[in-house]
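Below you will find the structure I want to go over with you.
First chain written, first letter: the chains are A, B, C and D, and each begins at residue 1.
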Amino acid sequence: MIIVLKPEHTEEDLQRIVRRLEDKGLGAHISKGEQRTIVGAIGDERVLRETPIESWPGVESVLPILKPYKLVSREFKSEDTIIKVNGQEIGGRQIQLFAGPCAVESREILEEIALSLQPLGVGFLRGGAFKPRTSPYSFQGWGEKGLKMLAAVREETGMLVVTELMDPRDTVLVCKYADIVQIGTRNMQNFRLLTEVGNIDKPVILKRGMSATIKELLMSAEYIAAQGNEKIILCERGIRTFETETRNTLDLSAVPLLKQLTHLPVIVDPSHAVGRVDLVPAMARAAIAAGADGLLIEVHVRPEEALSDGPQSLRPAAFASLLEECSRVARAVGRTL
Amino acid sequence: MIIVLKPEHTEEDLQRIVRRLEDKGLGAHISKGEQRTIVGAIGDERVLRETPIESWPGVESVLPILKPYKLVSREFKSEDTIIKVNGQEIGGRQIQLFAGPCAVESREILEEIALSLQPLGVGFLRGGAFKPRTSPYSFQGWGEKGLKMLAAVREETGMLVVTELMDPRDTVLVCKYADIVQIGTRNMQNFRLLTEVGNIDKPVILKRGMSATIKELLMSAEYIAAQGNEKIILCERGIRTFETETRNTLDLSAVPLLKQLTHLPVIVDPSHAVGRVDLVPAMARAAIAAGADGLLIEVHVRPEEALSDGPQSLRPAAFASLLEECSRVARAVGRTL
Amino acid sequence: MIIVLKPEHTEEDLQRIVRRLEDKGLGAHISKGEQRTIVGAIGDERVLRETPIESWPGVESVLPILKPYKLVSREFKSEDTIIKVNGQEIGGRQIQLFAGPCAVESREILEEIALSLQPLGVGFLRGGAFKPRTSPYSFQGWGEKGLKMLAAVREETGMLVVTELMDPRDTVLVCKYADIVQIGTRNMQNFRLLTEVGNIDKPVILKRGMSATIKELLMSAEYIAAQGNEKIILCERGIRTFETETRNTLDLSAVPLLKQLTHLPVIVDPSHAVGRVDLVPAMARAAIAAGADGLLIEVHVRPEEALSDGPQSLRPAAFASLLEECSRVARAVGRTL
Amino acid sequence: MIIVLKPEHTEEDLQRIVRRLEDKGLGAHISKGEQRTIVGAIGDERVLRETPIESWPGVESVLPILKPYKLVSREFKSEDTIIKVNGQEIGGRQIQLFAGPCAVESREILEEIALSLQPLGVGFLRGGAFKPRTSPYSFQGWGEKGLKMLAAVREETGMLVVTELMDPRDTVLVCKYADIVQIGTRNMQNFRLLTEVGNIDKPVILKRGMSATIKELLMSAEYIAAQGNEKIILCERGIRTFETETRNTLDLSAVPLLKQLTHLPVIVDPSHAVGRVDLVPAMARAAIAAGADGLLIEVHVRPEEALSDGPQSLRPAAFASLLEECSRVARAVGRTL
């Protein structure tokens, strides 16, 4: 950590800073330049995170040098984390597919969708039983009834179940039915929920908050890892920008960047990012070319009747041709799909 | 709701759309222009919110006409809501002050801060017992112990207590000690938590999410109101933009805009918005000039030792002179402080 | 154009609106709903663009239906525009490469770079003779001297020259040397410059402004087309968002979206978007997978000495391996590179 | 400037860095921490701006310490700059008003507007003769004819003229008629135009680009100052964010922040920021409370017929009551208006 002093700081300010650093068990390295004096704090700067150094007399600014996350960082673990779940691997050479409706609407529709996906090689069925809806008057999901529908369809198709957890009080319930627990974009900084899923023995898909920086996403992953659960799958799903033609702006540079900063698998959700079926296939291809370990895609047999996210849900036929295109791109980058 | 048809739509598409609207109990008003045919859906368009009309064949786009919120809107209730809490009024001519440390650190420090604020006429003491921190390694608050400290200081000073609720499981606990419950910026779309505070009998301060639109803020307020709790205080606290000199960008136009769209009181938190003490006074004055009903300001007796948000906490002396300036501006706009 | 009336509008307001529309030669289609009355303006709504209807008494809001651009739209011309320039084609099956240094620094360095690119099949050499630099104290480019260096290297290598025009007063000069004229991101809404290049007989690369919407990009293209020059190549180069790990956020969804809205070729500049060499290859692959017609990439033989944009310039060897990867992706999506 | 080395850097890398710094005439101060080695470059770091240190072998990142602008900084000149123009002062105790229509439409309308403003004490008449319009099909301004109308109305009313310069080729022409030259938001980084107005002997209003950081705004001011013209008035006019209820988001924290960083006067344009008359008065009051030295406000006698920006133009009566409110706020903060 570098502490830049104000041009008008006093010698007393400087001495006080050195003393305070030493009190924290850190060394202080003073460097007097022509225009500014700077103090380097030598030692584990994580000790200083809690200390409001900017408020100390004589301090102009503070420049951190180290990253604030540890367990999820590449420096901590250099090889890729491969997450195994009931015979499937996430983060390896095989690109995984997570597909299904936004919300579980009925047993019949879910089954119909799943039966259209399973022959295409989709390993994971996604569908919400608890839905975070912007309006209190919108369909909020079937709750446990929906979870049971997912489990029943898993029984029938062999596809594994991914579903969202919204409330710490539902953790046990959701874990009873889910193979992978999803933390949604609006809950990326619901720290209590993160702590909760840090204590379960299931993989977690952590979706990037719609205005979260890469660093904040990794800090939220660190929350989960700090509790002992390192089976974390990061998901880029678009960030909020000024552009209104698409629902969000898919930040694909997050994929190679995260691959560099962390050992965790990274998947992409083009459906929520663009919010329009016509752009989903191109963005799915691009995600794979950028190095994604998986795709999370909304598919519905009758989007025009979907209770949620119809306009961004692909029909099975369109999804099948998306997969064909994506397969070719996957091979081009040395992966399989 | 206006449905714009694609230039290449068929007559069959049009008839299907009319039929589907009628099935929902809505009238359909067709208008054939030179370049586009449009269909106006006559009736309560809230019925259509759940319907993915964009996915219907022949549809190019859908333009809503009505606002998606109701109970919190000015149209629903034209006069200002004034919230009464233990003898204080929020939303009336008097501008209210909510001040205190970011986190409750110790009984002694809290008391020292409160005793510096009370003589200045601050009616509400703020302080977090549960802290949503970006890092799992940061101080997370004292929990119930912190709530008890707040209650003890209320006993001593007569100031009312505002504190944050982060987890639906703590609702009863927090309500036992708080006079006003705060929902933080990261929980503005934690819909389960909103539902929870919709069922309590305490006023709620709802902070705008850092990337939430005004419409989303009002939808979150609607979640609370829909459960029966209409004692909602909206709080503008800065939005996330590309500018990095300030922690967030304080969107003061939200104040007059919200005043127009809703009957609820609107307060402003300049401390979190700018994140630097040197800019807080100017933004506090501007907030009042823009029409805010209250100010939420971080004050600490020793910011250089604060466990959280030191760089944005004012010392009592600086806060006192801020109040003097703000009083003059309040009078200039016909309010008292 | 749909005009939504205020709930409290008077019959006189309505009649005045109808009359004013008729005065403009438009029909008015009135539709009285349960909650709002709306008026559809029948006719060419472009007539109304200049009219501040929102300010008319009784009007609540105005919803445009048609797009504000015409010549550059797919509706105007459905087949892809293929731009031919000295034997090369942009916008066809072949993906084009535009590579070179940010700035022309010296004849020797430019030559060295070009000779490393030409054997790799790069058709277009890019390099700035006029540089828009954020600081007045930074290297501003060699001007005509730089243009002459570009022309000399073209002579030697056969590569075509792409270079930026910053000032309408330099149009004749730049056109004397350039094969393609580039309008930089900071000049996307320099409407005088757009008008200027609308009158030349050279293709123009129009870079998206760093905070420009897709619609604004197309309106700027329309400025050029309206003067008669339809040889316009759109370039996505990253938009400004809150994320600071990358220089900008590459909005790859702009590629399929533009392909849908316009007939013009679309290329991608991953170098300026991410600003870091380590992420350029992944984003170049993704751009091609998303459907880009070309790549604009900064290459330098000695980035550590570059006078501009060193940190985002690839060395020739890294660029060569990027091309190999991109070739495979290009084939996977049915293109050649 | 602080150079942070990669954990895996070699001794040779370190020596090379030191040598290169010394070659530039700078000292190198090495500090080996537990986790990182850092090198402080001692001397004028502006020398290093042009050097792509991030690309040097062994370098992880580079942290600048000094601000990149000089002439416009408070460090360079501590007292406020007060700009005098024909008997008026900008930047002093008196808050200045710049009001008028967006575009000069006709001599009659301009006169009518000016005659409504002059009795209210408005010193500066604003109006565009050259208009940067998003669409090539919109009214582009009357050019010199418009400038002549402005001059004629100045003759008649004594109000000084503020008008926009869009093209370096019009500099002489615009200066012939204008008392203050305005550089619009889309031209904030039109560096040729900045250089041009750096060489004139008239004050310049420099509007913040809609996605420009404070630092970039100051760098653009530095461009003008570097040519010798220090009569620069900075103007905050709203930045582009995700919020769509207002045209832009007025960043009022820019006012106290700029006051701290620079000695130049700072004015605010609430009209363009919010884009709706109903919010202009509140934001004007807030701007003054935040410390603005002036207000730039669009006023039109018949907004419903304005050729440009009707929806954000106040009528004279509404403007007069805005002024009354603003006067009271001005007095509350120790200013006059």
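Definition applied: a residue touches a chain if its C-beta (ideal position, glycine included) is under 8 Å from a C-beta of that chain, and two chains touch if they have at least 3 such contacts.
Predicted, not measured: the structure shown is a model, and the values here were computed from it.
Across the two interfaces under comparison, B-C and C-D, the one joined by more C-beta contacts turns out to be C-D. Each chain's centre was taken as the mean of its CA atoms, and the one lying most distant from chain B is C.
Distance between chain B and chain D, defined via averaged C-alpha coordinates, is recorded as 31 Å.
One simple way to say how far apart two chains are is to compare their mean CA positions; for chain B and chain C this gives 39 Å. Chain C and chain D have Cα centroids separated by 26 Å. Chain D has residues 211, 240-242, 244 in contact with two or more other chains. Against chain D, the residues of chain B that register as touching in their complex are 211, 213-215, 239, 241-246, 249-253, 255-257, 260, 273-274, 278-279, 282-283, 285-291, 325, 328-329, 331-333. Chain C makes touch with chain B in their complex at residues 2, 4, 7, 29, 31, 33-36, 38, 40, 42-45, 63, 65-66, 75, 211, 240-242, 244. Put simply, chain A touches chain B in their complex at residues 46, 49-52, 54-57, 68-69, 132-140, 166-169, 186-187, 189-192, 195, 210-211, 216, 219, 222-223, 226-227, 240, 277, 303-311, 313.
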